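Below you'll find the structures, each written out as structure tokens.
Two complexes are shown next, each including chain A; its partner changes from chain B in the first to chain C in the second.
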Partner chain A sequence: MIELIDMFTIVSLILIIVMIISAIIAAELKDLLSAAVALGVMSLVVSILFYMLQAPDVAITEAAIGAALSMAIVIFAVRSTKRWEK
Partner chain B sequence: MKRILAAVLAILIFIVFALAFAKIPFGEKMSTYPNYTEPLLNSTSNMSLPQHYLTYGKKETGATNMVTAIVVDYRGFDTLGEVTVLFLAATGVGSLMYVEDKQRRRVRKSNAVVETGSKLLFGFIILFGGYIFIHGHLTPGGGFPGGAVIASAFLLLYLAYPKFHANHKRLNVSESLAGLTYVIVGLLGLVLAGYFLYNFLPFGIPTYLFSAGVIPVIYTAIGVKVGSELTGIVDAMMGVRE
Partner chain C sequence: MTPYYYLGSLALIAIGIYIVIAKRNLIKIIIGLDIMDTGVNLLLISVGYVKGGTAPIENVPGPYVDPVPQALVLTAIVIGVSVMALALSIAIGIYKNTGTMELDELLEVKK
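Now for the complex of A and B:
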């Protein structure tokens, strides 16, 4: 049992928990701007997880598109419409 | 009531998926996968498909990055489809956001630190994006992340300078030329070797920059295409500003 719980497992468990929490926050928040930021955090954690699972190509793409560009596009959409969900 | 029902449904779907995924062991040896059949020779190989890629991939494509070798060389047709999807997305955003009389939106000027910093960083980000897609066959990355990095450099300028505007006609020209390059390289493969998207250029020495045949050419085209497409999407979403 001791050798089963190594550093990789601990770090990936923490990252998965952060990912799930930020996904729930993104779905629950009424402030759409904060929800977009939570979505960006989720993309970043997913990209770190891809890197830890030894897929650097997917990690780079996820970081560039998920964390930077799609968050910016969501924020543009929020800016042109309403910020608060009823 | 609705939320509880949704939660119960989500937990049920999770259980089904967990039961299905429990049968797939994590990090299984590739030799335990079923052997693949070669469609052209109509014979069964003595190894599984991932084993084949890792054993002969470097010899058959000349690329050291095996993801690139599969994405551009073995399964190049799928990448052409992906590029088409992105092109259609850019066209769709452009046609949805199109307005005849462009009303100008007033935007506050950002401060001098942001303006100077973005001016300083723009060149570095463009350089790094170019590095990613030019070295796609050697290091992790390739056309899609490289293009996204270049588009994020333009996004930085759009955010820092309220009056910045990329020329839409030039963006369309570079996008179309890059897409055309991809198809022309594929058609050249059809003419010279008999297969669409065939790797007809000499492979060179692996790990060198000029190696892997048509892969660097195609990835440069994809990088330019994706960069100009995502910049066009950002441009359409920002709208016309004063």
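Now for the complex of A and C:
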């Protein structure tokens, strides 16, 4: 009975729920610096999902660009402008 | 094959469209564009998944997952981050010229 749902489905569902929650947090926060950090968390979880879908080269590229470079350029842009959304 | 991946990526695309329509800050709109781009990439990868398949990089026996969407997504990630960097630099230029980041105030400045 417990073997009907395998480990792939359980871990995938948990990671997809974490991904959607961090995307909603990045949408609703007024602090743009915290929104950039939530965007980095979302890219990291999507990178783990790419690895689980048997695409390791896409997972490496997403972890390098999405979780590090994308978050870094958003933080540089926030530092040059205002931090708080009105 | 894996319908919850489809639902998750469609949820990401929906959140991105909601941010682009409803929010009024330029950097928040660019964050919404990046979320939408990530959702499209995840949808393309999950279309090519075969149940029980392995990664197509070694000469091991067994079914492989589809390698064509992986090449497409590997190109699309680079295009997405370059578009995001260009949009952020344009947003910084707008802030240096007008002193605001909100779309309503930018419409007032333009008059």
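Simple rule for what comes next: the second predicted complex is superposed on the first by the 82 of 86 C-alpha atoms of A that agree within 3 Å, B and C clash if a C-alpha of one lies under 4 Å from a C-alpha of the other, contacts with A are read in each partner's own complex, and residues count from 1 in each chain.
Just so it is clear, a contact is a pair of C-beta atoms (placed from the backbone, for glycine too) under 8 Å apart; a residue touches a chain by one contact, two chains touch by 3 or more.
Every value quoted in this text rests on a predicted model; they were computed, and no experiment measured them.
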Determine, under the contact definition given at the top, whether A:Ala36 touches first (chain B), second (chain C), both, or neither. second
Can A:Ser80 be said to touch chain B (first), chain C (second), both, or neither? both
Considering only the touch criterion stated at the top, classify A:Ile65 as touching first (chain B), second (chain C), both, or neither. both
In the overlay, answer first, second, both or neither for which of chain B and chain C A:Ile20 touches. second
On chain A, which partner touches more residues: chain B or chain C? C
Where on chain A do the contacts from chain B and from chain C line up? 56-57, 61, 65, 69, 73, 76-77, 80
Taking the touch rule as given, give the residues of chain B at its contact with chain A in the complex, in rising order. 65, 67-68, 132, 140-142, 144-145, 148-149, 151-152, 155, 230, 233-234, 237-239
Within their complex, state which residues of chain C touch chain A. 2, 4-5, 7-8, 11-12, 15, 18-19, 23-25, 27-28, 30-32, 34-35, 38, 41-42, 45-46, 49, 53-55, 57, 65, 70, 73-74, 77-78, 81, 84-85, 88, 91-92, 95, 101-102
Write out the stretch or stretches of chain A touching chain C in their complex. 9, 12-13, 16, 19-20, 23-24, 26-27, 32, 35-36, 39, 42-43, 46, 49-50, 53-58, 61-62, 65-66, 69-70, 73-74, 76-78, 80-82, 85-86
If you look only at chain A, which of its residues touch chain B in the complex? 56-57, 59-61, 63-65, 68-69, 72-73, 76-77, 80
